[in-house]
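Pasting the structures in now, so scroll down.
Consider the two complexes below, in which chain A is the common component and chain B and chain C are the respective partners.
After this line comes the complex of A and B, so read on.
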């Protein structure tokens, strides 16, 4: 649909007043970030004056040095990376196969299967935290990164996303490959997956963002400090620094933990926004 | 659709002779097997377990599990902390989803034109979505600090003595809700931005010719077109509020006097701090029931979004 044909381009959507209000709210929305930045580079980490939103000092990295020294952020970052990418790697396989089945194959119980998948959409593993923890323990995965990852290896949302993408691909392409003698995995791998790349990218961004930021489930599964992801590490780090009222150090630690995704967003803004919009599917 | 292709053997390319229905079914279930295995392990089996556990418990401390009927539910209902968590979660759900939705719609309408400045504002509203909820909570911990914290400090400049945002049982839940709204509004904004693209210009032009003012255009043009988006955001939002409690951990631990306790946090407390598996399971079942109500009442919206029905 061309932009010119929508109400959007003619600017008839909102009254001018709305824009002024937005400016005001935007200023309000910025405050937490602004404070994080100002406090993180403040040479004073403790005491009065931490509430300033205007830097009145020469910026220093002292808070970052202290945060870096008091928590093993590189290790947490590595754990988070392993968790997010590990989940994604398995998900790509499961959602591609299931997505193909839903998109291109007719089988008895298809509607029932659809609803069974839909069930997972509402029952995030974190809701079933207690029984899932028992399962993880029985599988011998308690206090392992694999235990954090396993409940997310299948994604109903991803399956539906891939199904939509696969449906939009002309069957003729697959038929041509079929005639050439390509097996089902070859057809999925060489025809469907490359053409569904935008959806796959969208899913990857949403999935990695979600698991990068996840807290409660890893908190339950992980016991060893060495295996903590960033979020769990930050929570315990904040608890320690809060007692010392070291707000500058907390701000620096928070910035360290938030930086990877913020940086990725700065680099791939459009992809991020598009992926979150397509997570609404349609 | 494809069913007809198989059974009637029409000359659609897909009815290539090597694909008989039975083969297609075998293949389909083979492809679904990995997903179904994980769904069974981490969705269906846990639900069954919760059902079983909710009716079992230890009659003596340290004793074996025994059937206790509806005991766990009775204990649950008798527990003031649980009732508080239930009410809190309802207040929290309505008090965060609806304001976030209204704000998101406002942001989207104001920023729908693609200009450089608007792109910047969109990014600004979207940033909270990207930072972990625990990180947001760490920042808000200082914002809400009594007296010296960011909010109270600036209120003091206006000669207003700010309340104890997280320490006052009447205010704490609302403080936490403010954080949730800050975190989510930008996410919902994206859906509305996408939804607004689908409103045809003619609709606005016709409305203007008919002499419709801005509010009438909103009421009779924009909102009707956005109805599916509003429905979807509502569902996503309501499903989210039950599963997000990270900020409660960092900010209040459910206190003061359970004023910020939410269902999932209550379940966590029962399971991890009180070792009461039966009550935790009963609590989980209440959560599942609520989620089921939301999902069932929105099945049409979900089906449309995830496209089981043909367009």
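After this line comes the complex of A and C, so read on.
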């Protein structure tokens, strides 16, 4: 393993070639985004010029006006924010404690427990829609934001990530704290958490992005128009069964929905990338 | 089991509160209407407007429109909500899901409600076009009230016809004419096609429906109208239909290869990159408002006979909706399907107004006068047959749509595809077939 990685570092693959390949892939990934940007400001939703990647028009905000009028974006945005951040807040607590338990506490059946936990990762979320919804309804959480959030309060992926991060931290640090008389929560709070920060940040990004973009589950739980998150609100005017679609408005609406995440990424880009590098998620 | 018991309990609680507090009688009945959005932005707002008006006119009822995604997602959401013990009071459901929902006992017949209004089932259904009865009346019981309906329609860019030296008053009426016209309309730049003569949507839900239209035009059946456990995928009439579609792609090269989504087809037509298309009447308003060129619509070209399936959606009441909520749902359903409202919705969307009397209103007469294309769509209803509906309609439909995609991408021949689709569909429907058609007396 280490042999191979040093090989790459010393230039078995020409850096220039790698760079060019990266740029090419990046350009490919950019195309849909660029098209969305071009289409969003395009005064024509339909026509020969509509499909062009190169803008050939006087930009207009009409699409944004229509998208804005089509859905209550501030309210949907607030709902999405509550859902994404609310889930994350609880997750941070649960995955830290569970991760610590699996990494450092000795208890009978620990390994079995952990594998059962990991098994969750193999389940497609769609399979759980009906049982989850039944549980949510019994708890009286049907058609509430809490109902959207509840199934995600515990994350198998997050627990796994935190366990790995905690195991990489030298046990001696904890032992030293133990001698100084630190309790469990003090040890987690002052030793483990600060050292596992990159993993936590990386997980936060994955979690927030996933729940920001989620469509099917909120669609199942939420009935009241006031509680719709952005994805459901946006879909209510972009998805047609038999009808046709106004691409300009869809592009503008999609831009409005994704803007907060894009903006956050632009602002915290360095921190994001660093956390992924040091947490080992690729 | 638990649902039933819980519903009973809820019913008892409701009855108790009714008896205890007379004030409850004046209280509002809160109901939800699940609806998929059949068309774009404006219509989602129109639906909100429609229900707002209903609530103002019926102060004792508070109906909330709940957006539920596509037709397929609406089915998932409705089923999930019912299993969770929270059935919505009414749902706008894709018309071909009704049989499956009835088999599973998930929707209730409306016969008692119709009777309470002093009508017979025949009198009640008599207000709707005959072609729509097949997907609404099951075993002589009314399970759905048609709300908006469609058939596939041939859309033609008449500017392109003129350019190609063809008569814009003579649109292709049969498959042969369709092929020759599409060939003349297709523009090539070397090997590259710059304009397609013909396009048909083949994405999930849409593809099966269009293929059904071609099958019917070829004299075929697709499914057993009277029995939910049989589809006729591996039959000559279906083979002819699928081969025709496949030939347009691979042999005549007048139709793009691969899966084409409905939105992509209409966009190609509107941008002049496709000269003809088969699309739902539900898209009429969108095409009318956005086409910057003269266009005409015609019946789906026939090979053997003029025949198309209906599409669209009906209003249903799930099982477990009882008492005041059921009554309120019925009030809402009748209001939404009245001549005035269904006419209004039809003008806004392009879907038919299923209520025949809608076409007698002054607004509708003026509208058809101004937009003859909407009139042609209605006259095709005389040649319409029910939409395919079986036990587990969605997977049975998907079985052939996956194969359709393989054929359009030239990965399979039509015959191979149909054999595979038939096998898979039979497999899916087997439990039902064994419990019904094959359940014979043993002694």
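Just so it is clear, the second predicted complex is superposed on the first by the 222 of 282 C-alpha atoms of A that agree within 3 Å, B and C clash if a C-alpha of one lies under 4 Å from a C-alpha of the other, contacts with A are read in each partner's own complex, and residues count from 1 in each chain.
Definition applied: a residue touches a chain if its C-beta (ideal position, glycine included) is under 8 Å from a C-beta of that chain, and two chains touch if they have at least 3 such contacts.
Given the structure is predicted, the values throughout are model-derived calculations rather than measurements.
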Report task. Give one of first, second, both or neither to describe whether A:130 is in contact with chain B, with chain C, with both, or with none. Result -> both
Requested in this report: Determine, for the superposed model, which of the two partners chain B and chain C contacts more residues of chain A.
Outcome: B
Query raised in the report: Of the two partner chains, chain B (first) and chain C (second), which one does A:225 touch, if any: first, second, both, or neither?
Result: second
Requested in this report: Tell me which partner A:61 touches in the superposition: chain B (first), chain C (second), both or neither.
Outcome: neither
Query raised in the report: Thinking of the overlay built on chain A, is A:113 touched by chain B (first), by chain C (second), by both, or by neither?
Result: first
Query raised in the report: Can A:249 be said to touch chain B (first), chain C (second), both, or neither?
Result: second
Report task. Could you tell me if A:25 is touching chain B, chain C, both of them or neither one (first, second, both, neither)? Result -> first
Query raised in the report: Between chain B (first) and chain C (second), which, if any, makes contact with A:235: first, second, both or neither?
Result: both
Requested in this report: Mind working out whether A:142 is in touch with chain B, chain C, both or neither, as first, second, both or neither?
Outcome: second
Query raised in the report: Touching A:35, do we find chain B (first), chain C (second), both, or neither?
Result: first
Report summary line: Both chain B and chain C touch chain A at residues 48, 50-51, 129-130, 133-134, 215-216, 219-220, 235, 238-239, 242, 247
Report task. Using the touch rule from the top, collect the residues of chain A that touch chain B in their complex. Result -> 1, 3-15, 18-19, 21-22, 25-26, 29-33, 35-36, 39, 48, 50-51, 53, 93-95, 97-98, 100-101, 104-108, 110-111, 113-114, 116-135, 150-151, 153-154, 159-160, 163-164, 167, 171-172, 175, 178-179, 184, 209, 212-216, 219-220, 230-231, 234-235, 238-239, 242, 247, 250-251, 253-254, 257-258, 261-262, 265, 269, 272-273, 276-277, 280-282
Query - chain B residues touching chain A - in the complex, by the definition given at the top - result: 2-3, 5-6, 12-14, 16, 18, 21, 24-25, 27-29, 31-32, 34-36, 38-39, 41-47, 49-50, 53, 103, 106-107, 109-114, 119, 121-136, 138-143, 148-150, 153-154, 182, 186-187, 190-191, 193-194, 196-201, 203-205, 207-208, 214, 217, 221-222, 229, 232, 236, 239, 242-243, 245-246, 249-250, 264, 267-268, 271-272, 277, 280-281, 284, 287-288, 291-292, 294-295, 302, 304-308
Query raised in the report: Given the complex with chain A, which residues does chain C contribute to the contact?
Result: 32, 36-41, 43-45, 48, 64-71, 73, 76-77, 79-81, 83-86, 88, 94, 150, 205-206, 262-263, 266-267, 270-273, 279-280, 282-283, 285-287, 290, 292, 311-312, 349-350
Query raised in the report: Given the complex with chain C, which residues does chain A contribute to the contact?
Result: 45-48, 50-51, 66-67, 70, 129-130, 133-134, 136-138, 142-143, 215-216, 219-220, 223-225, 228, 232, 235-247, 249
